[in-house]
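One chain, chain A, links the two complexes that follow: it is found with chain B in the first and with chain C in the second.
So, the complex of A and B:
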């Protein structure tokens, strides 16, 4: 049985990082949150720009994402920055307490001066940082790993090199009893019949077709057509001709294992195996949803060199062609372009990815982590109110 | 003798190959997984597609062994296959494919 060294949390979940974070509940508190993080080196700010005034579907989705992020297994302790009597802060606090995760809330209120709030936040975080250093890694089974699968800035090589290599990795980790979560509903449009027909049963296949149809319908309601935006001009210059071609390349990340479950944005897989999460194609929001759903590591193929990272999960970047790797090696961890010019096979790169996932899970930093690429954005479904 | 390929056919069912480097007009195209060499009718940019057979108007373009669109006019062998001669599927064509696999 393959193993890695992770952090066992009080709720039984396993983390591959031991971050202390500060997170805001609403966009108005972004600057305050960043100030608290700047006062406390070693603490990671998780900043989002959504507001309280949202339609119910967005309120639920935002809350689910914030709870999943603040309570993530890669996080040792969480400081929540909220407003006075903030229901979101109260909800996050309640859920994290129940999980046994160290959590504290500071709230902007009319009885406390800003420097006092900053001081309170900083003091709590300093103690949390000290405590986090006492936590040690222990041997964990690979079946505890959930790996998110993502692509951004696709080119004609994505579907030939990096994505099928990620697919080979996905098949490998599932054979070992682990879980992989494919994302990006928009990038399945035009190839949805392949994933649907490869579902473990007709019901899961239908569920998958339903989220694709719902997404497409939502886009149509705005008067736009997904086909007029895809492939993008950059995709086309790279040789991608139709939406179908882009999607056929995109779903190669899923490998050949039958689809077991379809989950909502930032939802948690209830089964081990191959899972699909409903997310937009926009990579920052998609990675954010995968992380909030419990993925401890995300694999990310890129043809044009997207620098997207995450504040809480290591993102392993896989370049699709030799040139992008050569030019942007500070962003990119693995060169799948070796399939084009060094006679490497898809399985060779899949194995290289597998080994990298283990070493990164053991603590090795990814390129995006070294560069402090910590993008965070929550998928919005409707207008702000 | 070691053959250096400049194009790659990805699946046995495909009627296009992908250029592994920029191919000039008149250049010989050595295609991995394809039985014969071709002479490029026009320039094929790096990563773009070249036709392996004559493709009739409205015939499916196959890549990865799957349909990625249809020809909007007749495409001669060894031509550049891209947005000027290929369209994506329309709503009805897609529904037909989905219904076909879900009923199978």
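So, the complex of A and C:
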């Protein structure tokens, strides 16, 4: 049985990082939250501008994402910055407390002076940081790993090199008892029948086709053509000509293992194996959903080169061609372009990805972590009200 | 049943009892402020460099460039890719509007390269009236090169700014955003006489005042419609009493936006008085710039960061934010003066710039106008002192 060294949490989940984070509940507190993090080196700010003036469907999704992020197994301790009597802060606190995770809320009383608020937040975080240093990694079973599968800035090589290699990795980790979560519903359009036919049963297949159909319906309601935004200008410069072509490449990240479950944005897989999460093609929002759903590591193939990361999960970048690996090497961890010019096979790169996932899970930093890329964006569904 | 205007709002709701509209208020500094004149005729109350990301993917690099340059302000946000139609149009126009804001001396646009919202498109959309440049991380072969080139360009602009001086400018150069949040009747009762008199005075002196039309003001649409001669605005405002057409994808009949309670209607009636006695020139949609001087209403949301950012993008160079207890965020582009009613406990909150008390409204109006001119001339607001500026682009649809 393959193992890695992770952090065992009181609720039994396993983290591959031991972050101390500060997160805001509503947009009004974003700057203050950032300021608290800046005053406490080592603490990661998780900042967003939602949580308020949202329709119910957006509010529910925002709350689910914030709870999933704040309570993530890669997080050692969480400071929640909320308003007075803040229901979001109360909900996060209740859930995290139940999980046994160190959590504290600074629920602002506007009669407090700003230095007092900053001091309260910083004091708790300093103690949380000290406590986090006492936590040690221990040997964990690879079956505990959930790996998100993502692509961004795809090119014509994506579906030939990096994505099938990620697919090979996905099959490998599932054979070992782990879980992989494919995402980006947009980029299943035109190839959905292939994934659906590979579902473990007809019900799961139908569920998957339903989310793709709903997605297309939403797009039609705007009176727009999805093809006017996807492929993006960069995709086209990289040689992709249609969304279907992009989708056929995208789904290869799922490998050949049957699809076991379809989950909502920021939802948690209930089964081990190959899972699909309903996310937009917007990569940062998609990674945010994967992380909030419990993925401890995300694989991210890129044909054009993208620096983005996540505040809470390591994101491993896989370049699709030798040129992008050469010119954007500071942002890329693995060169799948070796399939083109170094006689490597898809399985060779799949194995390289597998080994990288283990070393990163053991603590090795990714390119995005080295560059402090901590982008965070929650998928929005409707207009602010 | 759709209410007639007279059902819950009366014309006299719009009258301000203690201040006579249009009376000249004597201000010690005179009707001028010290600002930065721009070549397009607009005036800055600050003189900064905008480092603007076209997409979230370039936000880390954008922040890094801004952190290395004096006077640089990072404009980072969550949008810029996988957007369609009107939602994408809002992102583009917000960013070009921010670049045009007179508080920016110059602008550097930073993209990733493969995103929907291309830097070249933004450069083409932004009027060429001040120094501007832009490129992408992929074009520069990585973040390190992008930061180096960005710093080289922006540091030259920074040197220019060091040598620039403020000059005396007429108050008519001010474009003032008036934003309400967290409103209740008591707050409105105390602040309305002073704020409405100030708005009247600013309009008498040819300034432009843009007020926010958030959800709390929506039920007063029919009365607001009587304040404008613009046919399009009149029609749009009339329908407000039935709720603004905010877009969503799932219909939840249990969450109707068009039904307002008596309490909401009453609050809206009070808030409508805040606008003062002058006619509205137009009702502006999200991110629509005013075409002339005068009084405008701008569609916005109850998300304060998105709303303040919206005011930045339509060209406001200063704003007043009225709330019950003050707010804890501001813009990183324009100074926002935080106004709150003086409460019974007389607690001094360090994030509030100006307290309004009951009575003596005329004197308080003069003092508030003086404060506005001082802040426009460079005095930092409380939230600027604490560096709590933010920027966010509203979504009017989903991302794909």
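The rule is simple: the second predicted complex is superposed on the first by the 384 of 385 C-alpha atoms of A that agree within 3 Å, B and C clash if a C-alpha of one lies under 4 Å from a C-alpha of the other, contacts with A are read in each partner's own complex, and residues count from 1 in each chain.
The criterion applied here is as follows: a residue touches a chain if its C-beta (ideal position, glycine included) is under 8 Å from a C-beta of that chain, and two chains touch if they have at least 3 such contacts.
On a predicted model such as this, the values are computed, not experimentally measured, just so you know.
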After the superposition on A, what does A:305 contact: first (chain B), second (chain C), both or neither? second
In the superposed arrangement, which partner chain does A:126 touch: chain B (first), chain C (second), both, or neither? neither
So, A:219: does it touch chain B (first), chain C (second), both, or neither? second
Residues of chain A touched, compared between chain B and chain C (which is higher): C
Check whether A:340 is in contact with chain B, with chain C, with both or with neither, and answer first, second, both or neither. first
After lining up the shared chain so the two structures overlap, which partner does A:330 touch, if you call chain B first and chain C second: first, second, both or neither? second
Which superposed partner A:39 touches (first chain B, second chain C, both, neither): neither
For A:238, using the defined touch cut-off, is the partner it touches chain B, chain C, both, or neither? Pick first, second, both or neither. both
Residues on chain A lying within both footprints (that of chain B and that of chain C): 238
Residues of chain C touching chain A in the complex: 56-61, 78, 81-88, 112-116, 118, 137-138, 141-144, 215, 246-250, 252, 255, 257, 301-306, 325-330, 347, 349-351, 386-390, 392, 394-400
Which positions of chain A touch chain B when the two form their complex? 155-157, 159-160, 190-194, 196-197, 202, 205-206, 209, 227, 236, 238-239, 241-245, 248-249, 252, 321, 340
Spell out the residues on chain A that touch chain C in their complex, using ranges where they run on. 27-32, 35, 48-50, 52-53, 55-57, 108, 110-111, 113-115, 152-153, 186, 215, 218-219, 221-224, 226, 228-230, 232-235, 237-238, 280-285, 304-308, 327-331, 371-375, 377-385
In the complex formed with chain A, which residues of chain B make contact? 8, 10, 18-20, 45-49, 61, 63-64, 66-69, 81-83, 86-89, 94, 97-98, 100-102, 104
